[in-house]
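The structures considered in this document are given below.
Look for chain A in each of the two complexes below; its partner is chain B in the first and chain C in the second.
Showing the complex of A and B:
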């Protein structure tokens, strides 16, 4: 008996069609991008060479895809078997989060037809943080699909192959924890080389640790969000007690994060910079950290975190916190000087929206078609 | 399997401690200038703003004319090149500094000055450290930073990294490249000198060995204001000179220390930050970035230990799960 079960039902529904239209619009804009160049659809410039696509689709997209990673830590490393039913839906979000981040990279890089150079040893630059990120992310996409294969094998009743996969799966689970630990931290390290161009409020040698902890937080927040959302959306019982335990874990992670975030600012004597780094930086810094602090306070209270509504609010706030932190560290706090400015164009936003739509469509199709969501033992419907 | 979770954390922390203690020892050494490195000395006080260097640059590098402005309100394109700043079509650019009534040259207050923007060819270039596929390379002998489109994936991390915002990207091309000054290495390798220096009539842009140029720069800033001095033109070894009256130099050579030193150096009578040159630390950001990365990944000990621990944990976790599944 498996932990997970396909939902069944029609795949083509009204929301699915709306998402398909959004994906279609993005598709048309992408044709424009590939014919006329990146400048034809984006507001990117030589001063702001990275924008919406890198920060949202890649940085935030992969952090949202950390569900599989953090659940693997909980279930296999900490050996908390009771969370096992949540692993497969989490891995599925990771599969899509990372696959589409890879797809976005393909759109964003100028010379996509040469992307394979990253894998050619004579081209590799081991000093480059980008090399580590590119190599690890690409490998992890592959590992995630392998981790997800049991769902396919169960669907098609390949019992023998499934038995074999289950025996060797531990190798991929281990690699599947190692790789995100490496690249989620390195995504933060990327900005070290930007030096003075990044405001001191974000430029710190602790960038890798802050990015790693916040990605783990976002991973757990996604698991909580997804569990509550699919409970409501697909009319399934709530998993409140398990989510409450995850909530406590998240509260402690935020506390550790904030100790490093503010400890570092105090240590460098830059805490006052919050008030004299321009109102945009100051405001965004405040918003970013309130988004961490408020859910932490909610989740430290045992009563509050046992409430599904609070769990949901806390998860959403933490997802926003990690997202705002990434926007701040890569765009808001980034100033190349010489009067450069950046604000994403409509086309840029529509392409991002289209990619998110594709992700949601694939998720909806997969949970209905494959054994992904936890099997309900005491059915209520 | 007898390893439990406590042992697992022991393995992990052993790796972490090894990595952390290795850190201080592993700080990357400062990059040194090659003795045969070549560069350009730009003397802002000798520049008359004629922009012949821009013409020379376009000609030598076969770059297109760029028009940022049209004639008046007529919306008629001009026939000449009038780029606003560096771009994928313009590799060097004379910029004007002006203050107040701009009556006197080379004076910060109520004065004006010219400065030339181009790749600084850093001794420890951030762009080279940043490039994931070694498309940007620093020549071990000449120190010139060159670009190889065949390697480039177009990720633009070099643009994020460069403290001078030098690498430019062809935004409106479906098959874009990164574009930057390569110090006319196609000409210098056969004994020629870069286009900007060859065309400069006053010696404001001067080509030579970095060591010799540095000596020349130190000599100039030590000269007394008002005296006559024979300024070498084109290159230090060319023999051609032009006589100028010595201005009141700022006692500083921009590029001697900035971000670990640059092979394109600037001297001026107007403070450098007024000319739009960034204030930069003596240590390159590349050094910090590489030190951090190689501390974490030294000999792959920490990731290796982590993987070993994870394999053990995942093996046990997976096994116990499979067993309960069979049993239940």
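Showing the complex of A and C:
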């Protein structure tokens, strides 16, 4: 009946307990944050109002949550049915990635009790990028949960309702492809507003496109990472041939990304800035782009990308590349003026780690409890 | 028809003849309002200004040139909107001017004498240029008379005198060391008449026109400062209305021509700008009616103080000026303070631990994947 099957097995395991401890620490710190305010737990300031929580939890979190988006493009837009088994686990990571990004915004916003105004149409400022991102992300969280409902319905054998859902699901899948295209690019637009506070190495009118392409890349990288990690963690067979095809797709995407990234720098005549924008910016720029170039070279080679280990390394490097790019464009290359410094405080980092832990715990629980991962017969065929 | 007759007939109803000047009634009233504004008069005065300009009985003006370059006349000719110079020259009923008179030689001398006779005690004498006094004033002679003699003759029966330009106001460029001709300003030769000084090299034509119209409108001279300059034009330092003043106060200076500060439009004080010790309205009314920045500082050149005696043509161009208002502070409070939010031991520890754990996880997984793919390939 389905491509997917629940793994079963014990939910409370040793890794689960370690993650629960981290989540618990974060929980305590969050209580502190809600009683004493953001200043009590973070190093955020007027110079750096966006720190770890926005850059990791929201920007990188949602980019990691792009798995569902990119698999939907591949399977439903490009009509490549062979990848269908990978859709549901990808949607699940998206569900958690986005839900927790929304939760992080709730933590990060100073006056969180005002957030509901985003959903009141008469308060909507349609010219605001921030509004676009907030509204789009919130809507997409809802859409993702709807996209994921078949897993619940299969679990509880609601066949009739499942049939109905499968009929109307295409609407939500279509919205689910549209929304990330909008807000993943808008997340880049946010930094265009920073003007010359952002180093010319990152400040460009192409930011929205670069953010969109890199989020798609990270989406595919997550799908590959997750497939390989599940193979080890849950002792499942490797899905090497299908991942190899995704690998080739990723290599081309990186190539397109780099054409825009470097083409823009050359066009603006700012390529030399790599060497005269301070050693931190220069080094981070180099690291960021090597993280894109190395996996691209690995994945362009047919031999290498058929190797599961190379697939895994390339996926990790690309996830790091997208993450470093976001850190660079929002924090490293950002200079709000003399005297401002930012490095996340321990509590800030522990809250982020706690949120990641919650995400992983929920994922572990869901794949064991609900039909998420590909049915083994299908994936090995 | 003589020139005088033409003017008379035009003056009879000037407002009915605007078309002949290519000038509408509306343009005319706008001009009057602008003049009233330059003089600092209320808006209601513009009607009075218009009435005065239309009045056919206007005191004539006798314009004398001595040691000068005619730049003041030139600036007046380029005063404002098209054709207005025609209006202005008719307005002030210019009976004698060595630059602008059509007649020459004995004919023009005759016109001068006729006007002086006819308008005895009513005409305005305008003097452009300094008057040489060394060696009995032999360095400047017109019609066989020295400049001193001309001033004494024409000045004896004038209603008032206007010294236009720095030369006649305080001596100008000819009076600088060693002053070989003994160049002397008008007010030192003609001591018993009201004299208005309109210094500048050249002065703004509007300071001159406004002074004349003020006199014609209200029958008296505008309020003057201790140097005989109308306060409406010379009451404030250039420095006070300069568009670059905020840079001065903030300590942002162009250090040399073409440097970054110069290109950014910073204050020109360190390049020798004399704005801080020169009283004139240049930054407010500009030159040439071509819009913003059309004055020396606006174009990036320091003011050289042409208006001010003892500054223009006296101090070196790049000599630092004596600031008459407030000198810039040598120390500024630091607006950048080091703020908290940098890396701490705890932050670094958590970061390092997270990175280490992540790296270990990745390397372990990669190793396991490697082993597993090895297994599956050997099995196959």
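Rule of thumb we're sticking to: the second predicted complex is superposed on the first by the 377 of 381 C-alpha atoms of A that agree within 3 Å, B and C clash if a C-alpha of one lies under 4 Å from a C-alpha of the other, contacts with A are read in each partner's own complex, and residues count from 1 in each chain.
One rule holds for everything that comes next: a residue touches a chain if its C-beta (ideal position, glycine included) is under 8 Å from a C-beta of that chain, and two chains touch if they have at least 3 such contacts.
This is a predicted model, so every value here is computed, not measured.
Visitor: After the match on chain A, would you call chain B and chain C a fit or a clash?
Guide: Once both complexes are aligned on chain A, chain B and chain C clash.
Visitor: Which chain makes contact with more of the residues of chain A, chain B or else chain C?
Guide: Partner touching more chain A residues in the overlay: B.
Visitor: Given the touch rule stated above, what does A:312 touch, chain B (first), chain C (second), both, or neither?
Guide: In the superposition, A:312 touches chain C alone.
Visitor: Output check: A:346 vs chain B and chain C. Expected answer is one of first, second, both, neither. What do you get?
Guide: second
Visitor: According to the stated criteria, A:337 is in contact with first (chain B), second (chain C), both, or neither; which is it?
Guide: After superposing on A, A:337 lies in contact with both chain B and chain C.
Visitor: If we overlay the two complexes on their shared chain A, which of chain B and chain C does A:49 touch? Say first, second, both or neither.
Guide: In the superposition, A:49 touches chain B alone.
Visitor: Between chain B (first) and chain C (second), which, if any, makes contact with A:237: first, second, both or neither?
Guide: After superposition on chain A, A:237 lies in contact with chain C alone.
Visitor: After the superposition on A, what does A:246 contact: first (chain B), second (chain C), both or neither?
Guide: It touches nothing on chain B or chain C.
Visitor: In the overlaid three-chain picture, which partner chain does A:40 touch, first (chain B) or second (chain C), both, or neither?
Guide: A:40: touches chain B, not chain C.
Visitor: Contact-wise, after the overlay, does A:228 reach chain B, chain C, both or neither (first, second, both, neither)?
Guide: After superposing on A, A:228 lies in contact with chain C but is clear of chain B.
Visitor: Which of these chain C stretches, 164-172, 236-244 or 362-370, gets into chain B when the structures are overlaid?
Guide: Clashing stretch: 236-244.
Visitor: If I apply the document's touch criterion, which positions on chain A are contacted by chain B in one structure and by chain C in the other?
Guide: Residues 44-45, 47, 337-338, 340 of chain A touch both chain B and chain C.
Visitor: What part of chain B is in contact with chain A in the complex they form?
Guide: 5, 8, 85-88, 126, 129-135, 149-157, 159-161, 163, 165, 167-177, 259, 276, 278-281, 285-286, 288-290, 292-294, 296-297, 303, 306-307, 310-311, 313-322, 324-325, 328
Visitor: Could you pull out which chain A residues touch chain B in their complex?
Guide: 1-3, 34-40, 44-47, 49-50, 72, 75-79, 81, 84, 108-112, 114-115, 117-118, 120, 123-125, 127-134, 166-167, 169-171, 173-175, 177-178, 181-182, 185-186, 189-197, 205, 208, 336-338, 340
Visitor: What residues on chain C touch chain A, complex-wise?
Guide: 336-344, 346-351, 354, 362, 365-366, 368-370, 372-373, 376
Visitor: Write out the stretch or stretches of chain A touching chain C in their complex.
Guide: Residues 43-45, 47-48, 228-229, 231-232, 237-238, 240, 307-309, 312-313, 316, 337-346, 348-350, 353 of chain A touch chain C in their complex.
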